[in-house]
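There are structures below to look over.
Each of the next two complexes has subunit A plus one other chain: subunit B in the first, subunit C in the second.
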Partner chain A sequence: MFRTLRWARRPALRPWRLTRALGLSFAAAVSALTLLPAPVPRAGVILPGRVPFTLRASEIIAQNAVISILGESMSFSSASIQGMSITYSAGGHTFTIAVNGTSSAGATVIKTSLFSTLKDDIGSLFHVQSPSVATVLADALLQKPIPTLVLTNVNLTIDTSMTSQSIQMPGMSLTVN
Partner chain B sequence: MSSQAPFVLTADRIVAEHARMNVLANTLAFRGAVIEGMRISRSAEGVTLRIRSDGRVTIGETKIQATVLRNLASIGSFKSKRDVLVLLAGGSVPKLELARVELVIDGYLTTSYAEIPGMRLDVV
Partner chain C sequence: MYPEMAMPMEGRTNWKVFAGVMAAGVTGIGALTGMLMNGVVSAAVNLPVPFTVQASSIQGSSFSLAPGQVPNQQEGAAQIQMDGTLQDMKITKTVDTPLGTFQISISAGSGSTPAQATGMTVYASSLGGDTSFPNGLAMDASTGQMQASQLQMSNATLQVPYLSTQSITLPGMSLSIQPVSSSSSSSSSGQ
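The block that comes next holds the complex of A and B.
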């Protein structure tokens, strides 16, 4: 009761304080909205109209990896990629780049809308061996670099692009079947 | 066996070492090559997968099978016209230089090694 009275007796906020309070509330609301991903397709669905290609690998060991759920991207300063293949299916045929050996990639950026649904469907994209899945998801929300990221059974649908400063591929073949 | 769904290799310049050709098998092979301005594309259903490099691509022992190799002179500009004759005759060209290459590959391209600087894959 006493508390209520004390609050009731408090003078009303002065105009500039009210403005400031409203401004801070608005900024907080905007920040909260910004932290939430924009409306996205359900897990595992690419953007309409895109014809994606698929990066598969038995193992990727990436250095200084940054996964961004908001930016729908994954980047790393370098990586070794075992059992790599890239496939592109369209027109009833599949174009395949296959590598027989371990590829070495320099600074690389992969952009795909599937990263926006990472938290719902991470297992369908790759298996995280190190660090833990929880750490990867938390770091992906904060875009925090992961010193060494180890992924296995990578099956990543890429609907935007993959760029690499350099890539070395032993035993490479290009075929259409 | 050739595919009816080819992909296209274009390049500003290719310098290949110890190139030789098998006319019956429609294959062109070389020990190694440097490719400048390399672009590989595969189009279907109105969209195109593009692979581009903004540097000098280095490849090792390579074999390309393509029907278009029957008409060797059509794939690009040979620095030496004599090289066309040597290849068609089954000989080996120590240093084969080609410019403005556009090679429709309906078979395959295999290489022992590829180093691709500034690579970008995208679909447009």
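The block that comes next holds the complex of A and C.
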């Protein structure tokens, strides 16, 4: 009873003190969030419940390519794709879209969790013809555009999405097995 | 219990009335077929038998392609949905009969009046042709679906186990039946 009365007699918190306390609390919360570990991409794991499709190409020459390991994406402003095929399996059947010739793509974004494995196992996704592998990895960490990126033996499983602003597929064929 | 229900019906057909009703019906069907051939009216079509569709060009809109199975079958097929304009469309089906093997062909949409289909659902076991998606293509691995606002195909060939459309116009439609093997033949043509 005595304690309660003493607490009640205390002067009310002044507005400027309240503002300062709230500001300090906010700053502390932001600092704590910053120090929390960032979510680490699952390396080499295909996202469950998906219909991942595999993009294969004998050669991709991409302009203004940006590879992001953290963002798990690759984008380019345009590309010519030689020997392109897209395969995916669903319901016990395999669907294959193959292009007989050179495919031309406009601005394209490819998102897959497999880009997080880039620095560990780049060879399983594609062979970097130009520039050097070291340059591509360094630029991928910084998300720096690569003026002309040449990849060969591309075998990329896409478990999220691929969007292209335009794409031409001469001699396209779709087969179901 | 009504005793008259057990008694046989009595009476006879008025053949003049019957002939008049038949003539009106046949005339109506003929008029509808003629209007369909000239693209004046469209028809809903449901073809649950395998056949081949060829077109010199296909202009599609609201295109989507997803993995699927032919309805009531175990056969895998790409489920394609779109609205489309088909130039020089030709539907062919080979039929084995006791008289031999025949190829049934339906052609439509030549010249300046292509065939037009809306609400088209096609289950294709294969398709081919020079293809482009001028306004973009999106592939989503969460559904396995490809979507595009526009599709352009030239020299298109589709193996279609199942097709249905909400409406289709077949201007200049012609039907022909030709023997594939060396047996008897017949041929008929509309327009």
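Annotations for the structure displayed:
Methods note: the second predicted complex is superposed on the first by the 133 of 177 C-alpha atoms of A that agree within 3 Å, B and C clash if a C-alpha of one lies under 4 Å from a C-alpha of the other, contacts with A are read in each partner's own complex, and residues count from 1 in each chain.
One rule holds in what follows: a residue touches a chain if its C-beta (ideal position, glycine included) is under 8 Å from a C-beta of that chain, and two chains touch if they have at least 3 such contacts.
Source: prediction; values computed, not measured.
With subunit A as the common reference, subunit B cannot sit beside subunit C without a clash. Common to the subunit B and subunit C interfaces on subunit A are residues 50-53, 86, 88, 90-93, 95, 158-177. Listed in rising order, the residues of subunit A touching subunit C in the complex are 47, 49-53, 86, 88, 90-93, 95, 106, 158-177.
For subunit A in complex with subunit B, the residues that touch the partner chain are 50-53, 86, 88, 90-93, 95, 97, 158-177. Subunit B meets subunit A in the complex at residues 3, 5-7, 40, 42, 44-45, 47, 49, 51, 55, 59, 105-106, 108-123. By the touch rule above, subunit C contacts subunit A in their complex via residues 65, 67-69, 76-78, 124-144.
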